[in-house]
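Below, chain A partners chain B and then partners chain C, in two separate complexes.
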Partner chain A sequence: MSILRSVGIGGARDAAASVSRRDAWTRRLPLLPAFIYVFLLTQIPFVLTIYYSFFSWNLLKEGSFQFAGLDNYTRLVTNESIRTAILNTVILTLSVIAISVILGMAVAMLLNSEVFGKGIMRTLMIAPFLIMPTAGALIWKDTLLNPLFGLLPYLLSPFGLGRVDWVNRFPMATVVAVEVWRWTPFMMLIILAGLQSQNPEVLEAARVDGANPLQAFRRITLPLVRPFIELGALLGSLFVVQTYDSIFMLTYGGPGEDTTNIPFLLYLVAFQGYSIGQASAIGVVAVIITILVATFALRTLFSIFQVEARR
Partner chain B sequence: MRTVDAPLRSKVLWSVVGWLVVFVFFFPVIWMWLEGLKTEPQAASSPPTIFFVPTLMEFQEVLGGDFPPFFINSAIASIVSTLLVLVLGLPAAYALAIRPVKRTQDVLFFFISTRFLPFAASLVPLYLLARDLSLLDNILALILIYTTINLPLGVWLLRSFLLEIPHDLFEAARVDGAAFRHEILRIVVPLIAPGLAATSLICLIFSWNEFFYAVNFTSSTAATAPIFLVSFISGRGLFYAKLAAAATLASLPVLLAGWIAQKQLIRGLTMGAVK
Partner chain C sequence: MTERKLRSPDHRPRPRSAVTLVAGLVLLLVGAACSGAGGGGGTSQTITLAAVDNPQMADLKQLVSEFTSKHSDIQVKIVTLPEDQLRQQVTQDVAAKSGRYDLFTIGTYEVPLWAKKGWIEDLAPYIAKDSSYAPDDLIPGIKTALSYKNDLYAVPFYGESSMLMYRKDFLAAKGVTMPDHPTWDQVAAAARAVNSSSVNGICLRGLPGWGEQLAPLTTVVNTFGGRWFDQNWNATLNTPQWKDAVTFYVNLLRTAGEPGAGNAGFTECLNAYNNGKVAMWYDATVGASNFTGDAAKNSGYAFAPTKVKDWSGWLWAWSLGMPSSSKKKDAAWTFANWATSKDYIKLVGTKLGWSHVPPGTRTSTYSLPEYQAAAGGFAQVTLESIAHADVNHSTVDPVPYIGVQYVDIDEFQQLGDQVSQEFAKVIAGTQTVDQALVKAQALAAAVGKTYQH
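Moving on, here comes the complex of A and B:
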């Protein structure tokens, strides 16, 4: 088993170096269909996106396709909307990830301690992540937060909060709350897996040696689950950066542009404004931002795989 | 006595805290179910109706109305794209795990980088292509796109399961002169049945819940379940009970699949990194 694992990543090069050409092709052949498929449907469109981003083209205007140089990009720099969208994307992603990691950690620790009905708790806890995001957003907006008929304004009214119209008065906070509801279970699952890989005897030994729970947490538990937290945060941010469903359902990017993030702006420009060139330029910017995030994510993923391999 | 009681007391205390937290998170789901079991006047009442006689009226209304075609489209798009992922992904994962090629790591990196390429990167050309091939509002477009989204994940996940199969098994099969296709069908498939299940589950979750492409690439004929829910935000007035019933039904397949295959969920979501 251990030999096999080490072949996984890195060892491939040496193993493959000595094989003959024909053998190399029989090895590569099963890989090709998937490779070609993914290449055709992601790389070629991406190259086209870059190409279109240098053109001005309104889909509704016949013959409006013409070279525009860097116009689409200079417009991005001068345009208020894109700056708002980038800022909203950053605020949304950072707050959702930070809050759901903290809550996920707390819930994971609860589920890892001695409690009654762990299994059922875990089962119920993952439900928000499984519920269709569009369905979840609608339920929050229309049945829980609706100022007239919703449950939450009703329950909060004795506390002097009145019938607050959460979605319209605090649009970004509402989107963050609904996304946190959805992503906390995700973080919880990953962190719980980390906690469960911990040897309870080590914690017990620390306790016997006189460490208080806080010290034990900081010195033993936290370092152990750190890679799991990083993995969850980075995978999560790659998904949350692309948030579209809940914004579409809850606020439709509004009021004004208060909750318009990059994916939603792209949707507005491409499918409401039909500005193909401008939408493509936004696409290129989105890719650059994602590459920055993803580079870190992938490094973490690979390092975890290597830890696995060493075991 | 004290020494016996203290752990029990702390267990009870933390259980109460834990159940409260879980209740808060699960409550919106309960509320969705409850709203779906109400009548329209009960669902749109102020103060909200807490005690009522449940009725399946709204569920019948949704199922007897225009919802089923959306549901069927979702099922077709999810199931066919998942099968495509398995058919294309298993040989690729096999090549990367059992018979590693030169640059295995690069290929893995390529696959996963495409998974996290934002849809912004390829949206416009894909839309234009779909339009030119008259694939807009055609379920085939969604099937092809969902396969693209899930294939990189499938390759990684299947590979992580394949790495767990003892290498000797393949050596033995090769010595016996088993052909490649034989090797895959007779040895690999039975051994990684849990891997196939995990991969299918993750693909089903992502494609069933997918919204961006669904809402922009389809309009009526090929529209999927989440698109049915969109109709509730525009111009249907106060249909909260019906909305909740539809939301419950639309969420049901993924919720059940996720609950049944809980153990595979974590592994799938992290592409095999966490077991």
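Moving on, here comes the complex of A and C:
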């Protein structure tokens, strides 16, 4: 929601400079239905969520709809599960983004060079991003990692790792692996776009000047694609912060609370505990965190567009 | 947009024809909606049943036409959902009094809780009107579990307890015999004796969830002398009985259990048992009706293993309840009556085969010769286990709550899930029994506190 709003305001400000106020409104008029639609569908539920977050409302307890002030928010600070969930969200997001950016960069470099079967390779690389998250997670859990009939335990059995229960022994690593598998193509696409806008003559000039490939990469390619990496990382983290489906399918937040992140905790509080008030408070905090990340993402996005426009 | 620019003036009348088309469509839709709602005049009613997605409900869906052919004024819409989603949807519906469903399948966990809140209808007046319903034919344990203040608030469609299923051939090969009423020590010894690299000793649920791993584990705790809360709602998960029971369960899984126990629930264990990968399986009595091949031929059945407390089997019944918010209560009862009657059981037997009969609801089912022939060895164990399961006295020491494999309070769904997650960590080997019980005790104590005043 904040994305749309900031885009709208940013675009409108430029336009307002050149045309009169009245003109500007006539121009905005056709956009109004869309704006009202988005406003109704996003802002009213959000305001209601904020409202509920001040009440100790549990669906199962009749008469529990009472004003509770900041109780739900103070519990956010004192409750251990919520701290665990925040920590898990940070660990999950940082590791998924870091690993998928590095892998995505490597694959993008490969696809940017002259290799055989580039087209097919690119299509295959994007595939994980196009598979439904739930289906993907299920394939990982049952077909690949199941200790009885999974592919990975079967391949690892010569090394004595045949009956390792990966999902339960290394729950966070499993979730990270599945999410990296999903997000690497996304990073690769964005970085590839950056690499393809690079002028090959610059690299050639560097080679003539005696720079080895590593130096050329560090001094020329990397600074050029840096804004693209930043954009990919920020947009990616917006989505990875909200990871829910693969956790639901793979580990159900467990064992213990080892893979319970903020969205999954919210689900547990709202649909296992039916504490609407507490869940709303978690939701509000999650939205604030997301808006913060989104603001940085948009700033990066605009700086890229400005660079592009100047060319 | 470009199309409009290119259009020649000859096609001008088009918008008008479009208007008529739209108007016609609207009329059509309105007409369809009216006929769909049965005109609202009361000649025909549609009742909606939210049902759990299990084989018995699939059979019910198949046989609905038998009901509607007799009751032409009632249409039945059955919405089937997996257990966890059903519970969420129905809970939200009934708590918000939205009246979306006229009937739903609820378990023994929900019935007393919701009856107390006035969310579901007292069915005693409806039952009293029909002399052929025979409520005394319902198996005693089930009847108690579905009653609140001596009135039935839901009628059982399917009932189960837990028992030990074992492969007679695997046990005989190692010279092990299994008594009808085994102790857990005997079961553990047998499991370790038959455990080999190709066949594991026993399958026990390890999948986190209050309805999964915690169900068998709580029956072990009960018979070991443990309980969730004492009479004053103090959590008692820090007692030696809990430690012994959880340690026993986890050790049995580690030394003679199925690999990947953390992912094993009812379905996984059933597959392992059916494929001859495990020699024994302690789980729901309904498991035995799904056996195929060698598992069906060579299985023996024993009552739930015990230690201190006798009759440690659990009790669960999917039952039809009617939300107080329903506006078609008479029609809903007519259907619930039909689906849980003696005649329905005979109908399933003759139309779909006697192995399809929903078990564990009526004593009379077990005296039908056709059913006895189909259910074989496990019919008597099922009937007696259910009859002896007592939701009010399932532990050695007295408790303030009802329920065998659960605690009948609102908070238990969440508490049970969290506690079973801690035990899942023990099964995975990433924490000790003591660590898990310290956390579980803290979680249970927080819940118990809300009941202490």
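To be clear about the criterion, the second predicted complex is superposed on the first by the 285 of 311 C-alpha atoms of A that agree within 3 Å, B and C clash if a C-alpha of one lies under 4 Å from a C-alpha of the other, contacts with A are read in each partner's own complex, and residues count from 1 in each chain.
Everything below uses one rule, namely that contacts are C-beta pairs under 8 Å (C-beta built on N, C-alpha and C of every residue); 3 or more make two chains touch, one makes a residue touch a chain.
Note that the structure is a prediction, hence the values are computed from the model and not measured.
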If you stack the two complexes on chain A, which partner ends up touching A:Asp258: first (chain B), second (chain C), both, or neither?
second
Under the stated touch criterion, which partner chain does A:Ile220 make contact with: chain B (first), chain C (second), both, or neither?
neither
For A:Thr134 in the superposed arrangement: first (chain B), second (chain C), both or neither?
first
Let me test your reading of the model: by the given contact rule, A:Phe271 touches which partner, first (chain B), second (chain C), both or neither?
both
Considering only the touch criterion stated at the top, classify A:Lys61 as touching first (chain B), second (chain C), both, or neither.
second
Touched partner set for A:Val90, first chain B, second chain C, both or neither:
neither
Applying the document's definition of touching, compare chain B and chain C: which contacts more of chain A?
B
Once chain A of both complexes is superposed, is A:Val167 in touch with chain B (first), chain C (second), both, or neither?
second
Is A:Leu148 contacted by the first partner chain B, the second partner chain C, both or neither?
both
Using the superposition on chain A described above, determine whether A:Leu203 touches chain B (first), chain C (second), both, or neither.
neither
Identify the overlap between the chain B-contacting and the chain C-contacting residues of chain A.
148, 252, 271
State the interface residues of chain A toward chain B in the complex, per the touch definition above.
1, 3-5, 7-13, 15-17, 24, 26-31, 33-35, 37-38, 41-46, 48-49, 52, 106-107, 110-111, 113-117, 121-136, 138-140, 142-144, 148-151, 154, 181, 184-186, 189-190, 193-194, 228, 231, 235, 238, 241-242, 244-245, 248-249, 252, 262-263, 266-267, 270-271, 276, 279-280, 282-284, 286-287, 290, 294, 297-298, 301, 304-305, 308
Per the touch rule above, chain B residues touching chain A in the complex are 7, 10-12, 14-15, 17-19, 21-22, 25-26, 28-29, 31-32, 35, 43-48, 88-89, 91-92, 94-97, 99-105, 107-114, 116-129, 144-145, 147-148, 151-152, 155, 163-167, 180, 205, 208-209, 211-212, 215-216, 225-226, 229-230, 232-233, 238, 240, 243-244, 246-248, 250-251, 254-255, 258-259, 262, 265-266, 269-271, 273-275
Which of the residues in chain C end up touching chain A in this complex?
88, 91-92, 95-96, 117, 208-209, 258-263, 272, 277, 410-411, 413-414, 417-418, 421-422, 424-425, 427-431, 439
Show me the residue ranges of chain A that touch chain C in the complex, using the header's touch definition.
58-62, 141, 146-148, 163, 165, 167-169, 252-258, 268, 271-274
